Each structure stands twice: as C-alpha cells, then as structure tokens.
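Chain naming follows the written order as A, B, C and D, and within any one chain the residues start at number 1.
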Amino acid sequence: MILRLGHVEVAVMDLEAARHFYVDVLGFIEHLQADGSLFLRATDEFDVWSLKLSERSTAGLIHMAVRVDRPDDLDLLDRLHRQLGLQTRRISEGTEPGQGEALRVRTMDGHPLEFYHEFEEMHPYQGDHVHLPMRYSHLHRGIPPQRLDHVNLRVKDVSESLRYWVDQLDFRISEYTVDSNDAVRVAWVRRSTGTHDVALARSTGPMIHHVAYCTSDSAALFRVADLLSDAGLRRAIQFGPGRHGITNAFTIYVLDPSGNRLELFSGDYIRDLDRPAIKWSAQEYTDQGLMWWGNPAPPEFQQCRPLIDDEWP
Amino acid sequence: MILRLGHVEVAVMDLEAARHFYVDVLGFIEHLQADGSLFLRATDEFDVWSLKLSERSTAGLIHMAVRVDRPDDLDLLDRLHRQLGLQTRRISEGTEPGQGEALRVRTMDGHPLEFYHEFEEMHPYQGDHVHLPMRYSHLHRGIPPQRLDHVNLRVKDVSESLRYWVDQLDFRISEYTVDSNDAVRVAWVRRSTGTHDVALARSTGPMIHHVAYCTSDSAALFRVADLLSDAGLRRAIQFGPGRHGITNAFTIYVLDPSGNRLELFSGDYIRDLDRPAIKWSAQEYTDQGLMWWGNPAPPEFQQCRPLIDDEWP
Amino acid sequence: MILRLGHVEVAVMDLEAARHFYVDVLGFIEHLQADGSLFLRATDEFDVWSLKLSERSTAGLIHMAVRVDRPDDLDLLDRLHRQLGLQTRRISEGTEPGQGEALRVRTMDGHPLEFYHEFEEMHPYQGDHVHLPMRYSHLHRGIPPQRLDHVNLRVKDVSESLRYWVDQLDFRISEYTVDSNDAVRVAWVRRSTGTHDVALARSTGPMIHHVAYCTSDSAALFRVADLLSDAGLRRAIQFGPGRHGITNAFTIYVLDPSGNRLELFSGDYIRDLDRPAIKWSAQEYTDQGLMWWGNPAPPEFQQCRPLIDDEWP
Amino acid sequence: MILRLGHVEVAVMDLEAARHFYVDVLGFIEHLQADGSLFLRATDEFDVWSLKLSERSTAGLIHMAVRVDRPDDLDLLDRLHRQLGLQTRRISEGTEPGQGEALRVRTMDGHPLEFYHEFEEMHPYQGDHVHLPMRYSHLHRGIPPQRLDHVNLRVKDVSESLRYWVDQLDFRISEYTVDSNDAVRVAWVRRSTGTHDVALARSTGPMIHHVAYCTSDSAALFRVADLLSDAGLRRAIQFGPGRHGITNAFTIYVLDPSGNRLELFSGDYIRDLDRPAIKWSAQEYTDQGLMWWGNPAPPEFQQCRPLIDDEWP
C-alpha cells in the first residue's frame, strides 16, 4: 500500500538563509517559492519537489508524507486510523503544489504524517525528444543531492511504535538495536527495498533527528564538507564523513542555519522486504553500528528538533 | 508477486577460462563449484549466488530466475502458465544450491524462466557481531561487481511479449522505443523500482543479448576496461564506457571468453512502478537513446547468443 | 631554465559562444575580459589565468607560453634564439594581464612561443586567513577543469624539432613512437615531472592538435560528456572517454564551438626527468598506445587547426 | 640537485604482521624480502621499491633517502656535509637492492638521510610491447597506494632546521605555521612541485610523525577505512578521512601493527618552487589548517616515533 517516503516539510527560521544553504551551497534545485515556503527537489527525482522549507519561529519537523500505490488507499488508511482512535483529515488537491487529494494523521507515536497518491512529475521530454529530469547537469552545482532517502525520528517506545508502523502500515524492519535488556532501542523500517524510509529511536517523545538525501557516490560526501567549509560554513559540519555499520551507507551529517540536521547518505544495500531483520547489541551498536570505522559521535549529535505544531491533523 | 530478477545461468565452453575472466580479473566472488557449474555472487548481494556458469558446447542463456514474494505464489504461477497453454515443471528444493522448491516454465516468448521463493542468504553475523556480506573489501579484487541488475532478451514480437510480461506477470514498462510505424521495438520492464529487470527487443526469435551487473559508481566502469586491458584481454571490451539515454545509467559491454556479453551498469534512476512509460522514437533511440553522448555501437553489438536447450521446462 | 607550460592563447570565432562552452558548461573560471579576449583559469591554478580566448576570423593557436625559473633567463633565451637564426621580440610588462616582461619567438619548427617569468598569482588569503585559490568549490560548476597540462602540436619533422626542444631548451622525452622505418613520429616532451608539457607529431607543417587540461579524477571525464550532452552540445564530443596507453592518463577530446580541440586529461604518471624515454612501435601505437583499451579514433581526430598569424614574433 | 623523496626505511616489530597490513590489506606490492626486510612499492612508481620495512625491537624511522639529479652530486653533498661538521659515509652499490652508490649522513637536525642517484626501475615493456608498471590492475588489491609522497618529521628548532634544508639543500617552503610569537612551528618543504617532500614540526628532538603515500582520488581514502575495518583492524584508523587546509590534500592517518603512522594523501596542489611561502597563524592552523573542515585531532595524533639507531651514518 505505502510505496515510499515522498516528501518532508521542515521549519526554518529564515527562508533566505535556508535558500543560501540548500540551493546556493549544497545544490538543491528550486521548484518554486510560495506562501512562505520554498519547494526543492534533488537532481534524480521525478517528483517536482521533495523538500518543503517553511518559515516558522523555531526549527523542526512540520510533516512528512508517504506515497501510496492507489488512489483508494487513502480511504483505507482513513478508516484504519479512525479504528486506531486517531484523528484524520482530508486535504484537497493542490493544498501542496502538484499534489492531489491527501490524508493527514498524527501517528500513534505522535508524528505528523501525510498519505497521498497523485503527485506531479517532471516532464521527461523536451519537444519531441526524451530529456530525463536528471540530465540537466550543466545547470547543477553543489553536491548535488540525488534523492530523498529517509527521516530519522524519535519516539517514546520503539516497540510500541513498531506495532503501528509494522503491524498497521506493513513497514518491514531491516535492522534494529537492542539495549542491555534486549528491548528495541532503534529500528530501521522500510517499504522500499533500500535499508529504510524511516528510523525510529527511543527518546523522551516524538522529535526529529534528521532528514537524509542520497548522493551518487562517496566522493560526494567529501564535496559536502568542502562546499560548506569553502563557503565559510564549516561549523555546519557535525559528524562524518564516515560509513555506517547499520545500513552500510556512507554518511555525513550537517546542520542547516536553523539547526535542522541533514544527512547525506550513499550506497546502502538493497534487500527483499521479507528478509529477516538484522540485530545489533547495545555494545556493538556503539562500537561499530553507528560508524563502522569506530569513530564516535560528538555529544551534540544526540540533540533532536521538536515537531512544529501546525494543528496537525 | 514477482519481486525481482534473482539469478541467471549462462553456458560457457571452458569453465576455467570463465573463472579467470569472472573471478580473477573482474572480481566476482566464488560461492562454490559443483557438477560442472561455477556459482558466483557480487559483493553487495545477500543471496549466496546470482550467476551460474555451466559448461556446455556453446555459449548462451540456460535459464533466468525471478524471486516471488510468497511460497504459494509458485502454485498461482503454475496454474497461470497452464492456463496460458504452457508446460510447467516443479523442481525440488536443492536442485540448485541454496534454493527451495521452484517452478520452471518456458515463457510465451520462448525463454527459460524459473520462479522461486526460498533462497539461502549470506549469514550477516560473525560470532556475536553483525558483519554484513558486503563488508569483506579486504578480500575483494577487480571491479568488483555489486549486484545482478537485469537481462536483455530478444523476442520475435515485443508487443506480443508484453501481453505476457505486463498483463500476466504484472511487470511495468519504464521506457520503450518504437519503429517508424509506431510499433514497439524494445521495452524495458520491471518489478523492482529501478529501470528494468528485463529488456525485450525485437529480433528473429528468442535469444539473449546480455546479462548486467551493477557497479558502485562510474569510476568502476573505467576499472572494467583497465582490468581487461591490463590482463591482456582488451578484445573483450565491446562498447563503452558511456551513458545510456534510456535508463540514464553508465555502461560498458564486454564479452566473456565464450562470447557471452556482460554489461556493467551504474546509476539508473528509481521511479514508482505505476508511473507512465517514457517513449523514444526510432531516430532519437539511435541518436541518443542507446548512448546519450551520441557514440554509435559497433556492428558486432547486434549479435546475440542463443538459448541453450536443457530440456526446459 | 624552463619550468612548465604556463598559458595558451587560442583563436575563437565567437567570444560569447566560447564563454558559454568554456565557462557556463565546462566550468572554467573567468578572470577578466578585455580587448576582445577572455582570460580563464582552472580551479587549482595559482596563476590568475592560463587560457586566453581571442576573437579572430578562424580558429587555431595564437601562441603558447612557458614560465622560466629566473628573470634573466629571458636574456639567455633571447641570445640563444638569435644564435639559432630566429627572430625574437621583447614584450613589455602588462602586455598580457598579470604578466611581466616577456620574450616572443617563433620556434625552429614554426610555433609561436613566449617565455616569461613574472606572472600574477591568486592571493591565497582572505583577510587574516589563508584561503587557497582552489577552495571556492561553492562557486564552481561544470567539470571543473583543474590545471593546464599540455599542448599537442604538429611539426614537419619530429627528429628535427627535437634538436630544438631537447638540445636547445632542455626538454626531456618521456615517450615516443616510431614509424616502420624507425623514424620518430610523435614525441612527448617535458620540463615538469608529469608525462609532457608539449607533444610533437609529424604532419605537413606547424599546426595545433589540442590543448589539454587536467581533471581531479576519472569521474570528471564522464562529467565532460554528460555536461555537453545535457546542454545540447553532444556533437562536441569527439573521442573518449578512454585511457591512453602512452602517458597512462584518462582522456576525452571535445571540440569548442569554433572547432578547437580540448582534451580533458587525468592521472598520467610522474617520473624523474633524466629517466630513459619509452619507445612504442608503429603497430602498438595504433593498437594500444593511443588508447590502451584498443578503441580506434574516428577519422576527424586527425584534423588539426592552423597557427593564427599575429605577426609573431 | 635533490629531485625528490625516494624511499623510507621503517622499523617494524613483526614482519609478518607488517606484511598482512601493508600488502594483504592495503595493497602495497611486494618487490622482495631479504635479510629481515620487506621491500614494497606502490602501483604508480617506476622505482622497484619505495618502502623498506625492517624488523627491529621498536618501531620508528631507520632512514629516508632522496634522489639526486646527477651521480657526482654525491661528492658535492659529501663535501657540503663535512663542511657543516657532519659525519658522512659512502655506501657501495647494492647495499640496498637496486640502488647504486649512496651517501649517508645524519642531518643537522639529527635525521638519518641518504642521497643516491642510481636506482633500478620497473621494466616498462613486456616482450616487444610497452606495458607500463602501473598497468597491472588485475593483480592489485586494497587501496592501492599510488606513490610515496612525503615524510613528516619532528625537530627541536624548525627555524634552525630550515637553515639546513633550505639554505644548504635548496628545499623551498610551500607553507608554514607560526606560534603566537611569530616563530615557525611547522614548515612544509619541497624539491618536487607538489606541496612537500618533508614536513618539519617543532618538538623535543628528532622523531618521525608519519610517512605518506598518495592515492588516485578521494574515494580511495574511504577504502582505507573500509579495508581496515572489514579486516578487523578498525583501531588502526586514527584520524580522518578529511581535508587538510594546509596543502589542500585529502587525508587519512592509520597506524601499522607496530604503531608507525601512515598517511594516505590525495590531491595536493602543484606550484612552482620559487613562489612565496604561505603563512598560517597559530589559531587558524588549529581551526582549519590541519583540517579544513574544522575536525579536531585526537590527542594520540601528537605521538611520534623515535629514530632507530642503526649506527647512522
């Protein structure tokens, strides 16, 4: 039913500073600016946008959205969430640019989630000729980022959350870590065949840790650090580059001018959804799960950003 | 129902020459050798093997296999093929190493196809610790190839073939080319979210053009040509490196010592299965569809290898 | 005495078309435009410019310049050339932007050559802080090219030319090819420790085959072909990407809008200047010397551009 | 007179452990083993070896060697060092494999230095055909390292050392850092056109910090960390990958099993030897000179290894 993560709306405190960071330095492509929001996409996406930056007084997550396979999945999901005792709200076509009718819910673990099916794609032609959306490299700059990959969320009780994401929404666990009592501490869950669309980690309550975009290869992660340092923004680099033990992906984490964490991520593995989850102990997660090369995270890496309440749903 | 292409069995005329080419030079990993066959995998695969090289008197395709989502899909597919008037054969667990029970058919367009669900995976642990199958780079050499991607087949009538692959097996067309009469000449079809698991191109009858493996990045395609040239095998390089217009992937085509064509392929796009197919005209296919940079294929690139009859099904 | 190739002046027929090609698409950096010339540099150069594009009615080479170790080398070279019966001309400081006094000669084999010592460098500081010229990646686009590498010239008699370049100017031969009579057909000569600053190949008389710039790695050569194709300029791609047998460098050759050939070149070897030259036979030059992978050059690759007579010296 | 750094002899405590680390995991090429030493080269070197690992009871530097332009430079250097009041010793041809007669001295700052001219090169032919030493990629594994780049030494007084290296040996300073009293703390000096052959940093006396080898590109630095982690040697990774502010090179530092530090280094700039040195203040060295991205070194990064006294000269 759910195909994949489709887009994310993040709150920034200064839209022009955000544009400088995301567009001018990192190379996100501007689709449009409207009503206090900037709509961006990465180079290899067919969807006309995947990142919405909206001006608010604090940073954080406003909402995330997943694409469903068929239009009538919205009705099924509406019913499902009401049965779970959760409020739902239908959003009309065009509420977000290029998007058809949508369903908004607050998940069982407190996160603002949107379901949609229709979404405008980049036209893959120029006149009579095919010209794929990614084939405008002469106009690209920065990294550039290639594709929205995942969001990493905080929840109060991961096992409880999995009852929602796995049992109700049919996400599958690719990998997970346990604490010394064998209780799940972090789980990576997915509907696509990569390692995850969403990561769920234990904390005091619902928050966001980061949004992640794919890059084409490992060299792009060096470019991230170079671009920020060259532009005088080296303090935005928080952790990496390195390689995750979990997911096997190359990674670097940076902070946007409002403090939202962005991960650039490359080369995780592909595996069928029905395959058994891989389990990491607490100790090996610390030693080589987070970073396969053993490099420890700085303390600030634990900080999360709140959910921004936009009367959701 | 069908998840993806799972493995391919290719006929080679000299198993030791094949091992030198695939394992020693290109860096495929040997899983085992048994009964006149060599079972290989690429570095980022969980499946214990994806390429079976079997000694025969001529080169060509012996069979290809696709993984299905659930064990009882085999029954559904058995019934489906009989309804289509096609012979089927059940194969017991272990007929191929690591594989559970399977179903073998000859497709409507004449190709030897196997369906299976159970398949042994690499153990992702070392003692108490997670150690993913791809994290043995200290033992790798060659390119190395990363993952089986697709097969490219010849069929008599592509439109007719699509009635089978799309209407019966629920493959989706990502891109296609038409001739000057607007009849489909080549179609790229898929069950995974990449650009294709199978390509179907018009010819005199069922044959194979190539098997393709993914690499981690574009630099790996230069390594392919370097490895072969350095090892004194430069005549194995047939076409590329270049970039496909169709699929947007980097590519190089090489011939193994028996004449089987292998493509190394990197960086095609990801797109939801329900999205509309992209259409290329005959002229633009020739001019920039096959190779986006406009480089023409050598005449030998048209040659195909036959199906090797192993009394299939 | 001579340190290296320093800059090249190339004639283009349309300066705006040249700017689009070199700056907008390929990512050369504009230093300044003055008096019908555009002065460009590559990202990793300290010299403020290395490529001068001057508007003329035909394409071709206007002059090339080499940097000498000491200011008084100009006097020595002036005397040397007169002793050889060649005209010389002194050029005052600032005739070309950023350049000190220079000496202009027409070489024994007919090429317009300039010697200079003083040349303005990029300031490596920003306020109190070091900020190297290459660390402006947030402003880069295109490939980008990294550094001027060499020029490839045509001469009437290579052995005769070597009497000038090697015996008089103390260039050293890194590699050379002979014809079936063991006469030198092409020689790669150098003052820097890379494989060459100048290549000299036999033809009907003095002409230029190409100017070459280095890139950071092999992936950059794929970017060259992508950038041109994406910008609708795929017919500018003439040969490659590939790997040279001679010099061991990765390569791609493209044509600017006026028909001047530009090579992008990466990864040739480093070797002490006194080491013996490597000799290629006529046959192996054709088979694997020009391209190690065996790919043959298209016939147009033989075309050269004339020297543009600017009353030199 | 001096051309470049030519080779380094490093003491290891267990030759088999060293071979596993340097050859099996990192991909150095074994030239020969003799008399308790292992002679290795990197892929792109013409010299038959550049790293000599000799078994001793402690780790550290045994000697380093620089190549001189002409055989009779050895006499000039012998005289020079005696005039400086330093002992010298002539070493006969073949004392080290492939090396001609050599001169050994202890430098004014206490380091064991060898000068040589003759050194055996890899034969660049196979039968009648050119086959450059680097074109054996089918036999390579690991990173592989490409070329010896530099040594980083500790000395008691850098300004005093520069009187030797610069004034006597004609090395040139590319960059240097000063302390708050404007006294030189570290200097990068060179005879080749890259950023340095030798770095000299202030400490309590003569010691070695690291030996550095070049890699082909930035992706190779990720491979270093992957290879070591995959082989169960992740504790060998000490600092990086990152980018130096000084030299502009990508870098990662690792420790061999005896504790000798090896840097893998890629992409420093090229600049004429006569150009003015670039000066870094104490604060900016700490903030962005060591690592352009601002990542701080771990305390262990300060540790150095002693000189191993082999009765030098």
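The criterion applied here is as follows: a residue touches a chain if its C-beta (ideal position, glycine included) is under 8 Å from a C-beta of that chain, and two chains touch if they have at least 3 such contacts.
Being a predicted model, the structure only gives us computed values, none of them experimental.
Fitting chain B to chain D on CA positions gives a rotation angle of 180°, reported to the nearest 5. Interface residue usage between chain A and chain C, two copies of one sequence, is largely shared: over half of the residue numbers at the contact are used by both copies.
Separating the CA-averaged centres of chain A and chain C is a span of 46 Å.
In whole angstrom, the spacing between the mean C-alpha positions of chain C and chain D is 31.
In chain A, the positions touching at least two other chains are 135, 217-219, 226, 229, 288, 292.
The touching residues of chain C, counted against chain B in their complex, run 217-219, 222, 225-226, 228-229, 234-235, 237, 241-243, 250, 288, 292-295. Interface residues of chain B facing chain D in the complex, by the touch rule stated above, are 24-25, 135-138, 140-142, 217, 219, 223, 226-227, 229-231.
Taken in their complex, chain C has these residues touching chain D: 3-4, 44, 46, 67, 69, 121, 124, 128-130, 132, 134-135, 147, 175, 192-193, 216-219, 245-246, 248, 267, 269-272, 274-275, 278-281, 284, 288-289, 292.
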